[in-house]
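The structure under discussion is supplied below as structure tokens; questions concerning it will follow.
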Amino acid sequence: MALLLKIGGWEQIKRETWDYIVSPANWTVWLTIAIKVLVIYAAGRTVTAITRRAVAHMVREREKSPLKFDPRRTNTIGRLIGNVITYTVNFFVIILILSQFGFNLAPILAGAGVLGLAIGFGAQSLVKDVITGFFIIFEDQFAVGDVIQTGANKGTVEEIGIRVTRLRSASGEIHIIPNGLITQVTNFSTHNSLAILDVTVAYDTDLEKAMEITKDTAKEVYHHSDLIVKEPVILGVQAVTNTDVTMRITAECRPNAQPEVIRLLNMELMRSLEQHGLKKIG
Amino acid sequence: MALLLKIGGWEQIKRETWDYIVSPANWTVWLTIAIKVLVIYAAGRTVTAITRRAVAHMVREREKSPLKFDPRRTNTIGRLIGNVITYTVNFFVIILILSQFGFNLAPILAGAGVLGLAIGFGAQSLVKDVITGFFIIFEDQFAVGDVIQTGANKGTVEEIGIRVTRLRSASGEIHIIPNGLITQVTNFSTHNSLAILDVTVAYDTDLEKAMEITKDTAKEVYHHSDLIVKEPVILGVQAVTNTDVTMRITAECRPNAQPEVIRLLNMELMRSLEQHGLKKIG
Amino acid sequence: MALLLKIGGWEQIKRETWDYIVSPANWTVWLTIAIKVLVIYAAGRTVTAITRRAVAHMVREREKSPLKFDPRRTNTIGRLIGNVITYTVNFFVIILILSQFGFNLAPILAGAGVLGLAIGFGAQSLVKDVITGFFIIFEDQFAVGDVIQTGANKGTVEEIGIRVTRLRSASGEIHIIPNGLITQVTNFSTHNSLAILDVTVAYDTDLEKAMEITKDTAKEVYHHSDLIVKEPVILGVQAVTNTDVTMRITAECRPNAQPEVIRLLNMELMRSLEQHGLKKIG
Amino acid sequence: MALLLKIGGWEQIKRETWDYIVSPANWTVWLTIAIKVLVIYAAGRTVTAITRRAVAHMVREREKSPLKFDPRRTNTIGRLIGNVITYTVNFFVIILILSQFGFNLAPILAGAGVLGLAIGFGAQSLVKDVITGFFIIFEDQFAVGDVIQTGANKGTVEEIGIRVTRLRSASGEIHIIPNGLITQVTNFSTHNSLAILDVTVAYDTDLEKAMEITKDTAKEVYHHSDLIVKEPVILGVQAVTNTDVTMRITAECRPNAQPEVIRLLNMELMRSLEQHGLKKIG
Amino acid sequence: MALLLKIGGWEQIKRETWDYIVSPANWTVWLTIAIKVLVIYAAGRTVTAITRRAVAHMVREREKSPLKFDPRRTNTIGRLIGNVITYTVNFFVIILILSQFGFNLAPILAGAGVLGLAIGFGAQSLVKDVITGFFIIFEDQFAVGDVIQTGANKGTVEEIGIRVTRLRSASGEIHIIPNGLITQVTNFSTHNSLAILDVTVAYDTDLEKAMEITKDTAKEVYHHSDLIVKEPVILGVQAVTNTDVTMRITAECRPNAQPEVIRLLNMELMRSLEQHGLKKIG
Amino acid sequence: MALLLKIGGWEQIKRETWDYIVSPANWTVWLTIAIKVLVIYAAGRTVTAITRRAVAHMVREREKSPLKFDPRRTNTIGRLIGNVITYTVNFFVIILILSQFGFNLAPILAGAGVLGLAIGFGAQSLVKDVITGFFIIFEDQFAVGDVIQTGANKGTVEEIGIRVTRLRSASGEIHIIPNGLITQVTNFSTHNSLAILDVTVAYDTDLEKAMEITKDTAKEVYHHSDLIVKEPVILGVQAVTNTDVTMRITAECRPNAQPEVIRLLNMELMRSLEQHGLKKIG
Amino acid sequence: MALLLKIGGWEQIKRETWDYIVSPANWTVWLTIAIKVLVIYAAGRTVTAITRRAVAHMVREREKSPLKFDPRRTNTIGRLIGNVITYTVNFFVIILILSQFGFNLAPILAGAGVLGLAIGFGAQSLVKDVITGFFIIFEDQFAVGDVIQTGANKGTVEEIGIRVTRLRSASGEIHIIPNGLITQVTNFSTHNSLAILDVTVAYDTDLEKAMEITKDTAKEVYHHSDLIVKEPVILGVQAVTNTDVTMRITAECRPNAQPEVIRLLNMELMRSLEQHGLKKIG
């Protein structure tokens, strides 16, 4: 280096470098770069501000909506999304600014791309959860308070969240199900249910009489209970075996009231058949 | 900077920069850019306008169609699609305009690409739902009111939607099934059904006589019921065991009328066999 | 701008711009562009015309083919494919023409690519359906009227479509199965079937005699029924238990005639064994 | 345009354009293009010719091979492959020639790439079928006439095709299985089978004597039947219950002859045990 | 080489090379490179320092959190993540610096990309584990000490880790479950449970009396046990058979106390029914 | 053309073209191309030669290895791999040489890439088979002659091949399993087995005495049979029912000898218990 | 060529080529290339040396670790990894060096990329095995000697390898399980187990007395056996049927000692109940 300075002359190098820097052609280049950097920076700030405001708006919307959301959770998720956006935008702003100065940043982009894909693959089910959650609310598939079944889990909907839905089963457990796994849903709360009861009597019972009594009893139960919404129907002989005959009765009742209705009919039919000397054996 | 100005001369830099800007060669470049920006902007507006109109058209079409769509849902989905298209087109218009000014926007594109792929993977089943939904209607697989079974869910079709189909089961629940999961469908409502009834009598019964009575009774039932569309057929001895013999009868009946027809035949056969001193034991 | 015009001189700019436009070097460039645009446009029109004609040809072919296709469906699908091709080709023609004018259209292409991949992933099973459908017909796997089973669905083939195959089950339902799901097919209609019947007699029965009677009866049935195509074979003692002995008979019969043949043999064997004082107990 | 001609002078433009075209520098460029186009065209023709001949060769080979192929099917598939290759090669030849003239064809290539990937994904199982089919033949996994089981399908191999294998089940159905699904194969026809027979006698039977008789009978059956290839072995007491004792016999026999051998032994053992006052009860 | 030196003159080459190196134009180029290298190096150090500090911060946070983490494990994972980041950043810094010197490093990047993707695919479930683990804590799905069930594994949560969750089953085994597999969770500890008890009595029992006794006994148990939180309810006749009648009682109790409550009621009901001359037979 | 020749003068064009070709600048360009082509060609030949030799070496190795490989198969696979490598290398050599002459071959590469990916996807399981096969041998998972179970297939290993492994089941069938499907393997041949025998006696048997006799008998059997490697252990009372008591004995024996050992113990215990007036009833 | 030499003059070409080669501008270019090649070569050697040393280090570490690794296997795997790294690095060094000489090597890279992806897909489960194996050791999921269950395989851990884990089942088989398939693990050896025993007595047994005796006996067993670590608890009446009553006892015992403890309690309870005139019937 010292040798180099001695031979080439430091003075000359300094002077020529200076001339290079202050030449007008370079100035215009640098002006362009400066303008581009400013534009990029301003755009980055604008995008961050807009998305943060949009997220805040959505969070407020959610809090106002009649669906029961846990405000704390919505709030935290709002801040989480905001941070992720800010960091990502800043990363791209830095990359873009550096690239204007002529840095070859392809490797960093490639690295970020591979990382992004890797996270993207891992986060695939996360994205699916959010999209499906959106459609569950959007399509009125079920609401908080409905009794639904999805897969093997049945229960009352306690909360429809951004990522998971919580069901409370009849025996008190909480099923936490990612929205993305809620593909086929059965909603038990939107329409009346149909209670189906099989009444079995011995083979040698007088079937006409048994049917008559069954019909009258079912009618009476219908008039006394507000769970049953239509007069029960006796469909006929469902099955015959060596020892008994089975009749089937159906009764349209309020959503999810089948077990109560069946228990009610069970008891009343047993009583009334017994009163007429017949025996309900199933 | 001050130093720079002092040495290089601010006046000179200003003058030369000015010359650079107003030189004709640069003017033509800038004219080209201006024209390109205008073309891009116009194209963007045209695409947005056309797609919005197409979506509005499709929404109106759907509302007119005989299939029962919930107008509110169709409307909201229409607006949703419109917004997504507008935002996407605007994003590309901005990117294209900036790229005409010489911004190196590869990083943003790469970022958008990774994001697009990530969302694309998550939304894969959404796309599949819409495509399959389209083919369900297009191929007349089933219509509102048909009784169908797909997977483990059987019921009457209540609504064929853009993304999900709703079935109402016999006992009143609503099954909500994404169209993409409706792969194998069984439609019970387009053709007549075949009721199959096994009549079991004791081993030592006179089989000829039992078959005769069964045949006559089935014929009589056929003449009195409009559910059965062809005279029932006695296929013969289906099975023999140590204690009993089973005959099989089939009766072509109206779609989904099998349970009623079987109950009807059950009752009538029990009665008529009893009248002839035989006993139906299954 | 006004300032600029005052300083730089509008007249000079106009003149030099003009010179730039009419210089021969630029003329040759523009001529090249014009020729390329024309070639691209012509190529686009040619591709559209050829593919449309090819589709129309295929539709006509299908209508003439002996397989039962619903002409309305084939027609609509023909038009659908035609439109998709036209729109795609036009999109590429516009892109190519614009790219000749020096527009940087990479972003649009990237966007279209991501969109194409997203739709491609969603439409994957659609492509698979069509390819498999092609091979089903191409390889004579089954024809309309055959009884086939695929997965859990068994029935008579009603229609082999472009995307789905329709089976009519024995009890009257229509199974609609996407061709892509028809992987393993069992065709019951191309070869004779083998009816297998197990005849059980009590342990202390004279086995030699029982076999003799069984053989004679089976032979007789074979001579009277045209469903059985070869004389039935008595394979021997299939199983022995504490209380009974089981013999196995097989009878090659017409495709899908097993149930009838078994019922026939069942009845006749019961009768003939009884005539000889033996008892068929299974 | 007219204005342009008036101002710039059409004559001058024409002359300079002409000069441009006939200048030697451009001539050499065009010569190069012409040579490249010829080379590309010739290469395309060569590739098409070679692959078509290779396919034809393979088709002839297949027809000569001892495996039973349906010549009609092989022929059609040969022509199908030939067409696909020709169209693909021509497409690339046109693209390459156009690209020599300076057309920017990246969009078309991207489009073809997306299309290719879409079809590729859909055709994935097709490729897998062909590759697996190749290895089935190549590795002698089974041959036409062998009894094999793959998945739930068991039967005699009727045909090993390019894409599917056809099995004929014992009861006459044809199972058509894509080669790609034939992963685990069980071949029943290459080695001798082992017939396993459990002989149950009452608990209070003289076991020594029963074993002696069983051994003698099995030996005798072995000497009279050519299905059994090695003298049967009495393994000993397999199980003991409250009421009975079970002995196990094994007999190596010809492939797939187990049922016949077991039926034979069943009958003979029942007879010989009875002759010695013992009773085979299972 | 020697020849070359003789002819061309080593002196001249040396001199001209020297001139080339010390010419000011090259100096500015090299100055730019030097600055870029410094910027890249500084950026690399900054990124490493920041991420290392962030990881250390998170580790400390975890250690302070009330959830029981094994400090040793958290620590090791912290160091592991730190190393991975340092190595990756250094790799990119080296690549970027080399690329500033004009090395064509595309092959290395491509290689690293393929390697990254390969590892990315293999590590997919790892990423998913971490993301799901984050959401489990974030969404309060369950806490250490809760009794949960996921898939077939039920137990008390012992530790929620970065990658796996440990459950201790009732019989003492530790189930170690990757967080990514914890999709559907059932939490038994957040709400009261419902104990369901079926009481079966003989068919000819006086049902009114039995219900009265059952009710009184259940009430008494409720008053003496603090496991039951609401008075038990007698729902009615659940089922009737030929020989017995079954009544159902439900009792809301503390989370996971059902078995104890049922055993308690079982015993007390047996006793009190016996005291009244009735017999609990199920 | 003729016009062109007349105007421009063919002579002049010829001359200038000639000058262009023989100018030294072009000569050096062509020399470079020639050298590169030679290098590429030589490299291609070298790669082909080396890989072919490596394959041949591996084939010879395999033939010498103690594992039973079918030499014919190994040979054919060797040649197959050799051909695939040669064709691929030649394809790349041609592409590289053409690209040195300035052909734009991106389309062909893209086409080959798509094709490669398509085949790659289809051949995925093939690659997996080979890799897993390599690790099976490499990790000594099992050897020819071992009894192993993988999935539902159990048998003696007959051959570990490049792509498939062949098992011979106890009843003589050959299971052919792709190596890639051999994930979980159970090897029965490397360690001693444990025979487990449950001895059931009537509830009122003198348990002490029964255990004593059992112990003595088991000891005696152990001394007489070389299949049992350790003295059998009487674990105690395994289960109690209303009518009987079950004791459990375990005996460490040679690999896969459990059935024989159990049969042996079964017989001897029955005998010795009977001698002491006790009865083994299970 | 001869013609060319005659016309253009070989002498002149030779001279000018020479001038071209020895001109200083080219010298500096070649010097740069030479330096780059040296840097690349040195870097390649360094990477190879470092990774080889790192692998050797890891192998030594493994050999010293208390976990039982088979040294031979670890050694071979070390050498295997070393070779793969050397070949890969050399490939990239050659590619990089060639690319410095201006070879267009994109095709080779594309080919290597497709090959890499193909192998990467096939080797996906291999990578997953190694990563999961690392976490098994890293997270102390289980150690050699523990009894674990994963999937359907239960046994004592014999060896945790780089790719597979070996379990020895209770009956002596070795289960070889790829680490990637070890997702949910149940470890039976880290905590005490809970032995659960149901004691059934006849319905009319004096329950109080039976419980008293059971309690005393269990206590006594606890005092005499060191397998039970806490005094057994009598939970109460578990179930009641028509004929019997079942009590449940639990006893915390050493890991995996449940079967022994249950057998012990079984025997002792039978004896003590009998001594008090009661009968244990299940």
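Some notes on this structure:
The letters A, B, C, D, E, F and G name the chains in turn, as written, and every chain counts its residues from 1.
Here is the rule we go by: contacts are C-beta pairs under 8 Å (C-beta built on N, C-alpha and C of every residue); 3 or more make two chains touch, one makes a residue touch a chain.
Nothing here was measured: the structure is a model prediction, and the numbers come from that model.
If you take chain B and chain C together, no chain is in touch with both.
Each chain gets one centre point, the mean of its Cα atoms, and the points for chain A and chain G are 34 Å apart. Distance between chain centres (mean CA atoms), chain A to chain F: 43 Å.
Residues of chain C in contact with at least two other chains: 105, 117, 121, 123, 125-126.
From chain E, with the walk directed at chain G, the chains encountered around the ring are E, G, F, D, C, B, A. Contact residues on chain D toward chain F in their complex (touch as defined above): 18, 22, 24-25, 27-28, 31-32, 36, 39-40, 88, 92, 95-96, 99-100, 105, 109, 112-113, 116-117, 120-121, 123-128, 130-131, 135, 138-141, 183-188, 190-194, 196, 207, 235-242, 245, 248, 252, 255, 258. Per the touch definition, chain G reaches chain F in the complex via residues 4, 7-8, 12-13, 16-17, 19-20, 73, 76, 101-108, 110-111, 114, 117-119, 121-123, 125-126, 151, 153, 161, 163-164, 168-178, 181, 259-260, 263-264, 266-267, 270, 280-282.
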